[in-house]
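Structures incoming, each one as structure tokens.
You will see subunit A twice below: alongside subunit B first, and alongside subunit C after that.
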Partner chain A sequence: MRWLFSLLSLALLGAVHAVSFTGSRLLVVLEDAKEQEKYGVFLGDLTARGFHLTVESPKESSLSLFKHGERAYDHVILLPTKSKGLGPALTAGNILEFMKKEGNVLLALSSEYATPTALQSLLLELDIHIPSDKGALVVDHFNYDSTSAEEKHDVLLLPYPKSLKPDVKNYFAGEGVIAVPRAVGQTLGNDSPLIAPVLRAPSTAYSYNPKDEADIVEDPFAVGGQLNLVSTVQALNSARLTVVGSSEMLQNAWFSEKATLAGKAVKTANRDFVEKVSSWTFKETGVLKVGKLVHYLDEGVSKKPNASSAVPENNPKIYRVKNNVAFTVEISEYSNTHLTPFVPATGDSVQLEFSMLSPFHRLNLKPLSQTANSTIFGASFKTPDQHGIFNFHIKYNRPFLTNVEEKRQVTVRHFAHDEWPRSWQISGAWVWIGGIWVTVAGWLAFVALWLYSAPAEKIVKKTQ
Partner chain B sequence: APPSSTPAKQTSTTTSAKPAPKSTSKPGSSTNASDILQGVWDKYVHKTPQRVKLLDSFMAFLVVVGALQFVYCCIVGNFPFNAFLSGFSATVGQFVLTASLRIQTNPENKAEFETISHERAFADYVFGSLLLHFFCVNFIN
Partner chain C sequence: MRLLSSFLPSLLLSGACVVSAASSWSFDDATLTVQPKGAGVSAGAKEKLNPIASLPKAVSLGATDTLKLLLTTTEGKKAKRPHQAFLTLTDPTTGLEESFILSVKDSGKGKVDLAQKDLPIQFLTSSKPIQASIVIGAFGSSTPYKSKVFDLNVSRDENVPLAIPEKPVRYAAAKEIHHIFKEEPRSPPSIISLVFVAAVIGTLPVLLGVWATLGANASHLGKALGNAPISHALFYGSIIAMEGIFFLYYTSWNLFQTLPAAGVVGLVAFLSGSRALTEVQERRLAGLR
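Here is the complex of A and B:
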């Protein structure tokens, strides 16, 4: 019977291809059940990755994002609805509360339908702006699909996005062409440091409402690279929300469609791109985890901090002024199925602050070694010449990576009375030591002479 | 042998050439500064007992050692300060103790110290000196 059991466990393992780091309960909000087939391949891919899907209509009375005060689902996909109201369960406040409880949201918009008011206020809250009129979509006269949008030019064919900055790892890279049909363009506000674009419109694109009958668009909503087709928000608690401007991008019809870009026949790579976007949104990629954090007093046996993972968890609560301290921390990156060693982008490093009110040390943590699942970073330093309560503080917030913050508090005490250097160890004191001992030697000589010499006057014995 | 306590003879000094010699009411008086010093020195050498001279020479030695330390401090600086204090106060303290022993055992002060024998004074002196040395060694760490 054992072979049956192991076969069963193997089968279960095989079924899980990739799973989210934070849970697998996924809610798909879809108004019209008949539309579910249109997204069949996308939802099938999600199921294959290990998510447990629940498809509900927003009008369903039993729909709720929360149960007994906790999240009822780990992730939510909101697909476009015909009606402007999303129901009482999906107000902007509820969705934000869901995010505050670290739930992730994938939001798809469509130019065909008006964006529900709940989503409009949600996006406003997050500082993502969309055109206020229904039917506005992104048009490009140079990057369009000649097969399907010969005249309207509203199906964009774009290459995979490049990374935001040289030192940001790109989780959405790939080879091929992505079709973005009839997308609602978004612009990002300037106030929030939490929003980032994933797929930007090319410089020749602009937002346009076909109902607008003027020959030229005066005062468009946005143009060029300011327009985003896929935008993301990562909150301070690392909850993620992605806005996909075109819900048709997620549909079977566009997953591997033949298209024509500037005369060349291409095949759309939507399935792969959507997989990358949903992986990131649902915390399958770009997730950091901090493992063992060890700090210890470096007794000075070796100059380099102990790089093995076998350092016993020591973490003393108290150090002394001017002690040598070594600090190591394990950081892993979750990559679809398992934890892998985290490698920061070139030129970037995780930093350790040793601070009391303000940092006394700010050091780059160097990667010392790697285990199967994590990289061990370490640094050594000398505690400053100041007593007090200090914190080991790591704060690592990077685009598209979950936020890492670790704090450990330690006391730094004064020198004890017997830890000061002895007088003979201070070369400046040798003269005074000599002075004392010369005095003592002279005194001893004097005492010897005094005792040797006869008294100054004869003691007159009193005779009775 | 130490000199007895009989009053010493007045040493007379020859006066150097002066325009108007003083009246002869005070025999042996000198008017010159160097003569005065010479007279003081001669009187000291002849009249002080041996033991007192021993005390005085030890005190002079302590002054020299203390002055050397002080001059060194002025030139090089007083780091570490506790070491300077300790070394300097060893000489100063020892000087004070020796001075008090001198007061108590000087035959000329016999009238004021009837109740304190020389042995008692010396014992006090040794005890105080040992305390001083202990303090200085402790303070310099």
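Here is the complex of A and C:
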């Protein structure tokens, strides 16, 4: 049965190179049909990856993100438009509603055009800030392409981004340089853990508006690493939105272009980087799936966890306090074409909480074994000495990974009357047990004496 | 010579030789003053900054001091106004950067003032000195300049409490929690228990001995068994059996096994007891007790 299934999936994979985990309907919002030519390679790559593209103009009256109250598309690409209004179908509210229904959005900005008000308020809602004046762009006098921007220094050549933090997986790593022409820099709010930068500006970069008459930058929008060229939001329902500061990054002209960085000839790797950014946004990478979740009473005998996915979860509903419990969970990660065993970044781990209101145990789950497309994580622990209704709770929220939350409720009962140790097993009780049996023996002796004793005093009196 | 020497840091920085660059940015006549509050313009330590090398010792900035940096930006040898003139502070441990913008006049004369209130909180609490570098750059083909010029030691007034904002929430693995169990009930060392057990058991021979000295005996056993053998055997037997039932209840029986057995034994004790005690009464009336 299984070979049949794998054969079938192989056949399917042959037909479609890759497809998103959530769906393949992709809407491309593009004002000018002539512009489509410029994004030809990018859109062609998306089609080759299995997306069904619909290219629409925001002016189109039939354009709607929803149909019968449900999403009409799974993903949306918003390319810059000349007009300041995006029409009634693409208001900030509609795009947020689209994300609430787990739709993903790739948003490309351009310093050439003013950002539509709908998108400005959308970004404001997400705590991503862009310069309010039209035409503001990011320049860097140190890392620019001296072939195309010898004078203006507004085409940045940057290495691939490093991991955000050592314990965060990097889905955007690669070899080469990325060209970021005339980007709109973004700054990110500090409060939300949902926002994450992908590509930061180098420390010497700054944002300025070429229309300013001043020949020195006096009050820049932001400088250095505070400026982000590509940033992302992943909502709690795992809907993703990526802001690409420069729409030119997505254009054919920069996909594999000769450029000069500090006198050295380099070739831009935009095609690869854009593929990584778009496949993350459209949930081809960084998607987690939880398989079977098993917990059982670990009675000392090495009872092997049943890893086969054919057997349903058959978890006990009740445990006793101070029971040894083993817990295993199967987690897979979707990677472009198929599910693979999930491996957390070094320094990071999936954690299990055993909680009643607040966690009594929070344990790092260790990878026990791997199947073809999942890792089985496990931990064993002793239930706390507190009875009540507990939860096995896994909440795994990490940057760039879809959110995982799993809960299994169990009762933890206290000791039954016959589960306590017997009194003779407690050495401190021996004195009292001894006292009882000495009393019993004394009682028996007293009864015998009372029944059968001959009067002694009379014998003494008789002799007198 | 000057040109060459100002080239060096930018060469080191960019890591590549820009031969074609017509000229390069640098600065000249840079003075750094740390002025205590209320002191005159000329007061305070004055340091000359060198575009090639950073100051050998760190500059200290007190709670009320103001750091003043004056310099003239140059392109090639000429004083000129650049587009970008930043004083960038970097925390060496976290990599946090903050740039302060120099206001540069047309003549290339630039200045920036810095006090502790301008610094982000991370710099005030940093344990290592903060690296300060100057960045000068402009459009065109001139080589931009960036080099570390001095270290900044922020000496904070310990008496003034610092309002450190709460760390924002970031998703990461939280600290492990292991439930702390209540302490297991403990017994004293078993040797002590055994000593007291011996003392308790020792009371039985003492009791029997005392009874014996008072003249206790079982001499009428034969007489009693002779008068009412069945009643006496059953009565005393049932009392022993009752203790046996208690023992079984303690070790293995439950209440529903215990109660019927105790009822049967109790009935036997009641019936045989009345006979046996009648015999005892007869002996008393006969003056044998």
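One rule holds for everything that comes next: the second predicted complex is superposed on the first by the 423 of 464 C-alpha atoms of A that agree within 3 Å, B and C clash if a C-alpha of one lies under 4 Å from a C-alpha of the other, contacts with A are read in each partner's own complex, and residues count from 1 in each chain.
In this text, a residue touches a chain if its C-beta (ideal position, glycine included) is under 8 Å from a C-beta of that chain, and two chains touch if they have at least 3 such contacts.
Values in this document were obtained by computation on a predicted structure and should not be read as measured data.
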item: Partner chain in contact with A:G224 - subunit B first, subunit C second, else both or neither; value: second
item: Broader residue contact with subunit A after superposition on the shared chain, subunit B or subunit C; value: C
item: First, second, both or neither for A:P161, with subunit B first and subunit C second; value: neither
item: Which superposed partner A:S453 touches (first subunit B, second subunit C, both, neither); value: both
item: Partner chain(s) touched by A:P399 [first = subunit B, second = subunit C, both, neither]; value: second
item: Touched partner set for A:G428, first subunit B, second subunit C, both or neither; value: both
item: Contacts of A:W420 with subunit B and subunit C, given as first, second, both or neither; value: first
item: Subunit B versus subunit C as contact partner of A:P359, first or second or both or neither; value: second
item: Set intersection of subunit A contacts, subunit C complex versus subunit B complex; value: 426, 428-429, 431, 434-435, 438, 440, 442-443, 447, 449, 453-457
item: Complex interface listing, subunit B residues touching subunit A; value: 1-2, 5, 49-52, 54-55, 58, 61-62, 65, 68-69, 72, 76-77, 79-80, 83-84, 86-88, 90-91, 94, 98, 105-107, 110, 118, 122, 126, 129, 133, 136-137, 140-141
item: Subunit A residues within the subunit C interface of the complex; value: 139, 141-142, 146, 150-153, 165, 167, 190-193, 203-204, 206, 215-220, 223-226, 262-264, 322, 347-349, 351, 353-354, 359-364, 382, 384-385, 397-399, 426-431, 434-435, 438, 440-445, 447-449, 451-458
item: Complex interface listing, subunit A residues touching subunit B; value: 420, 422-423, 426, 428-429, 431-436, 438-440, 442-443, 446-447, 449-450, 453-457
item: Residues on subunit C engaged by subunit A in the complex (per definition of touch); value: 13-20, 81-86, 88, 90, 95, 97, 99, 101, 103-104, 135, 137-141, 144, 146, 168-179, 181-182, 185, 187-190, 193-194, 196-197, 200-201, 203-204, 207-208, 211, 214-221, 224, 232, 235-236, 239-240, 243, 246, 276, 280, 287-289
